[in-house]
Amino acid sequence: MDMTGTLSTTAERLYLSMKELPIVSPHGHCDPSWFAQNQPFANPAALLVTPDHYVFRMLYAQGIPMADLGIGAPGAEADPREVFRLFAAHWHLFLGTPTRLWMEYVLSETLQISQPLTAQTADAIYDDISERLQQAEFLPRALFERFNIETLATTDSALDDLAHHKSLRASHWPGRVIPTFRPDGVLDPLDPNFAANLAQLAKITDHSLDSFDSYLAALRMRRAEFIDCGATATDHAIDILHTEWLADPGPLYLSVAKGTATQEEARRFYGHMLIEMAQMSIEDGLVMQLHAGSRRNTNRTILDRFGRDMGADIPLTTDWVNGLDALLNRVGNSAELRLILFTLDETTYARALAPMAGHWPCLRIGPPWWFHDSANGIARYFDQVVETAGYFNLAGFNDDTRAFLSIPARHDLWRRGVALHLSHQIERGAFGLSGAEDLAPLLAVDLARQAYRIEV
Amino acid sequence: MDMTGTLSTTAERLYLSMKELPIVSPHGHCDPSWFAQNQPFANPAALLVTPDHYVFRMLYAQGIPMADLGIGAPGAEADPREVFRLFAAHWHLFLGTPTRLWMEYVLSETLQISQPLTAQTADAIYDDISERLQQAEFLPRALFERFNIETLATTDSALDDLAHHKSLRASHWPGRVIPTFRPDGVLDPLDPNFAANLAQLAKITDHSLDSFDSYLAALRMRRAEFIDCGATATDHAIDILHTEWLADPGPLYLSVAKGTATQEEARRFYGHMLIEMAQMSIEDGLVMQLHAGSRRNTNRTILDRFGRDMGADIPLTTDWVNGLDALLNRVGNSAELRLILFTLDETTYARALAPMAGHWPCLRIGPPWWFHDSANGIARYFDQVVETAGYFNLAGFNDDTRAFLSIPARHDLWRRGVALHLSHQIERGAFGLSGAEDLAPLLAVDLARQAYRIEV
Amino acid sequence: MDMTGTLSTTAERLYLSMKELPIVSPHGHCDPSWFAQNQPFANPAALLVTPDHYVFRMLYAQGIPMADLGIGAPGAEADPREVFRLFAAHWHLFLGTPTRLWMEYVLSETLQISQPLTAQTADAIYDDISERLQQAEFLPRALFERFNIETLATTDSALDDLAHHKSLRASHWPGRVIPTFRPDGVLDPLDPNFAANLAQLAKITDHSLDSFDSYLAALRMRRAEFIDCGATATDHAIDILHTEWLADPGPLYLSVAKGTATQEEARRFYGHMLIEMAQMSIEDGLVMQLHAGSRRNTNRTILDRFGRDMGADIPLTTDWVNGLDALLNRVGNSAELRLILFTLDETTYARALAPMAGHWPCLRIGPPWWFHDSANGIARYFDQVVETAGYFNLAGFNDDTRAFLSIPARHDLWRRGVALHLSHQIERGAFGLSGAEDLAPLLAVDLARQAYRIEV
């Protein structure tokens, strides 16, 4: 696909100035074992279809059973070729979606497939991809290098042993893959596995966790271990944003640890812990990320039969102003704190996030997230945040993907979006070409490096 | 008006490919008696001004008394020529509104009036229209045929005797006019006429309604009668969306039937009945439409003096995620259910409706409704739903009008909006011209046919 | 800056038709003493940086201490030249913001500075501006005349003695500067100075305020004094919109006056008083302005150390439909009432404000406010209100600024936005050039005059 063909001359010039810049990927969900072990990817379906909830949600919405897609109870596997055929036969459903643009880029640019994907070409393309995946140049590390990735951050449970990350650091491979500390499971008492998670945290840190202080000490120990493996950031998810500073959290800690707290108490405890995390970030320098406003697993039949992350997570409205009030009023004026906010509620771009990030020194606005990481989503983001927040309160781009092959496609779509935005700014007189040429690399890579404190 | 003159070459090509396609109108408020009786329309004011709340709301907002517009207590009628003069003298108020575009199309294309509407031309135009309305080619059936309407659905109370629809089916006229089952008045205990409506339901179905089962049986009987008259869909309206499955609705039914339920109980009962309706739709195949989020009759002085639907219905925010949770988790995975959602809260396009329709097999997103059925409203709709829902989870177009003459104008505006959207997609590289040429007829007619299960 | 260089030919033609029209500024925060006393402005920092919360909020967000900007406890002043250097050195932070466009216009057009602002040119520019400010042609009255301001409304506390306004009216200077009645401090019991304000109101009106009637009489007296000084409007601010008509407000008045009311009672009292104000507007003809939805002083550390209006006011969602229900249902059908609504919640443009203003005779929609007074903000405003409200339910433009020098820049940006909007309307066939040419001066000046009942 000729992705530059339709850009204006100015936009194309700006795009070309970014096209070859390295990829900085400070937030995403790749598996570090891919790079630690450097084994071939299994097959085209397992690589491109089965793990991508953008893909199977759309097929399910149009009546295709999850089981036919190879998703189901353990052992209930579908033939990957059949899965790929099914995907190809329904390729028209993705017209107009970013999934289609990313996939076309992956097929043509990354996998060098020249045929268009159709029901008729599915088998041939499946064979071609399968063959490529066995070649040395399509192994994970080779692709990482070909993609010109400067830094790739994974997202790792606070309970992770970081074995793959340690192995990567011990290896001689120069690729920079770093972990991100994701402690929701040991902070949120409403997590179904909270008790087991605490037990595991006690075990791996050798802390009793029989007091709030012991619990905090265990969390600090784990943060330090992540930092030792190169981490520069934490990541936190919450559905309905709430922060609250408790004067005396000790007793509440004991009751959530015993499982005797009410739902409301659990919510307040998590709200307090987000502030504790911010305070630890001031101590240890980890950049804090907050992803708020997704209601998870809204389809309970699908959850019961197929588990989490099956395409039924739906955005909610998010009240950033009241939800962050306690955190910001406790630590928000600290120059050491860096807090990056991600929203699924676009109405908050101009109404809340841009005014807040244009005031509080700790805040940066994360790029368009999830459903909004798309051509129009990027345009709406710039349209609604820049006039109030400027460019220097933004955090650059995240690809936020577990679909490793799509990383270049996603950064490319962002860079095209940046080029279109900047050329539009020139057209309407916001600034001239030289201003735009300064901003382009900033938006493509530098703001991400700065926001995440990634040293080159 | 040269509506194609300003389109780009690509957009014009796409528009022309849709321009002559038949009109499929699966949801609207035309009166079936027009086609059953085929009498001339009364006069230009009664045809174009008095029944159109888009028109008189704007005139009222600028200080023109309702009574001067021929709207008032029964018998308090204004001279239609005076009403038309008043409308013409204030024609500038409609600059920039879709009403003005529709009306210009109706005057020039449908009524073949060549003069522009002004205070000076009002009388001449009134006379011209009056004369035309007496001609055979301006009778309802002739216009229906001239408009190239393939199917026109009306909206009919669950208590309607369907006499006009029966008479149409018995006639030899081939025009396809079908009813839609609209049962709010017998489902919502907060409807001021609920008790009388139940009594009427009992009478026309010959069911006692002395138990919840009897009540459900009566509803099933009426649905079957609508199906016999060609209905393919139901329609439901609710101001603040709520669904809830009651384990034992019988006792609550008895108290709402007696009028002893509280407001909160009434609300819960209606929330339960929406799920019952969805379950009946799975049984009998009627497509379910849900129009949520209009606060009706916000001007109580106007309501008391002039009645309902007088231009003071104002949109509310709508929480689709929580509001539909109970319904979707009971029946949302059924491949037999088809549920089309209409919103007046555009913030839900990208945040809720597109993610939900891109997951749940039963859901389709209805076209921009009411105030949003406009050039910008259509552009915002496509901009915000397509990237997450794709095109195949949309329900095509509805004109949703009681202004019969404006139907071609409204479909024309939609087709222009589709053409502009698709040409914009081509420009930014989403797909090529052939992709757009496939999507154009889909958006113009085929998705509407499919969504409403209208067989050609 | 060549602000017309990038406009299309049609947009430029429309822009030029508005460019030289007088400025009508019916709402803003200039200090009437500037014009009453006509003294030179102090220095470039005090003129352009220190008082502008758009400027220092952005600098603070990027880590610059407030104290370095000359903002702090009384007496803690910074060297104005140092402040200006700091501003110049961080000028890149404002790329993409309206502040940058306004300031560039002020520097080049108003202050006739030809060099671009950089860290290197800061001193020279500081000196140039300092010199100009001492010249007769840069005194406040000379600038007022050069700016071609027809009417400038200030905003004045209900307790203001209006001395400067009286002095202006007694002078022979023909510039029209009028006050606006802003009574929040004596209406809202939650105002921290409410008790002191009531005492002051009693004193200056010589009313005891020992009954609700006395309180209303005092308010009426003050309104009459404002009218004597030329006022045509009132202004009211409220964070969470609420109106409510109390059958017997007397007892509640006594308890809020004594300071014994609860927070909820205080809120209800303010909600009642907004309706009383509307009723007084019907009596005395003052146009009522309502600015709703800003949560003030969200950064409590900054509030404690530096006071109010320090850049930490953040917009909230606003429920216009329910919030105004009581007011509108009491007085909203009055042809004498004029109520202009300002929102920071853009989601209400199409969903609530446009439908409401397109129905209620009293309502007009104010222009984009605060963070939304920007190129994209203006585009979104027109995009979302015009199709439902038309143009004649809009209130034209407000600059709403205390930065006197930026007034021409702000009106210029609005007129460019109007030109772009109208040319876009022509392109998509909404109306032709002559329609646009009629609307241009209406949007630039006439609607503001009409909405605020300003006689020329």
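Should a chain be cited, it is by its letter among A, B and C, assigned in written order, with residues numbered from 1 in that chain.
Everything that follows uses one rule, which is that contacts are C-beta pairs under 8 Å (C-beta built on N, C-alpha and C of every residue); 3 or more make two chains touch, one makes a residue touch a chain.
In this text the structure is predicted, and so the values were computed from the model without any measurement.
Rotation angle relating chain A to chain C: 120°, from a CA superposition, given to the nearest 5. Of all residue numbers seen at the chain A-chain B contact, under half occur in both copies; the interface is built from largely non-matching residues. Put simply, the C-alpha centre of chain A and that of chain B have 41 angstrom between them. Residue positions of chain A with contacts to 2 or more other chains are 347.
Taken together, the chain C residues at the contact with chain A in this complex read 1-3, 5-6, 57-58, 60-63, 92-98, 100-101, 295, 298-302, 311-317, 344-347, 371-372, 374-377, 380, 420.
Residues 319, 321, 325, 328-329, 332-333, 335, 347, 350-352, 354-361, 363, 383-384, 386-388, 390-393, 425-431, 435, 438-439 of chain A touch chain C in their complex.
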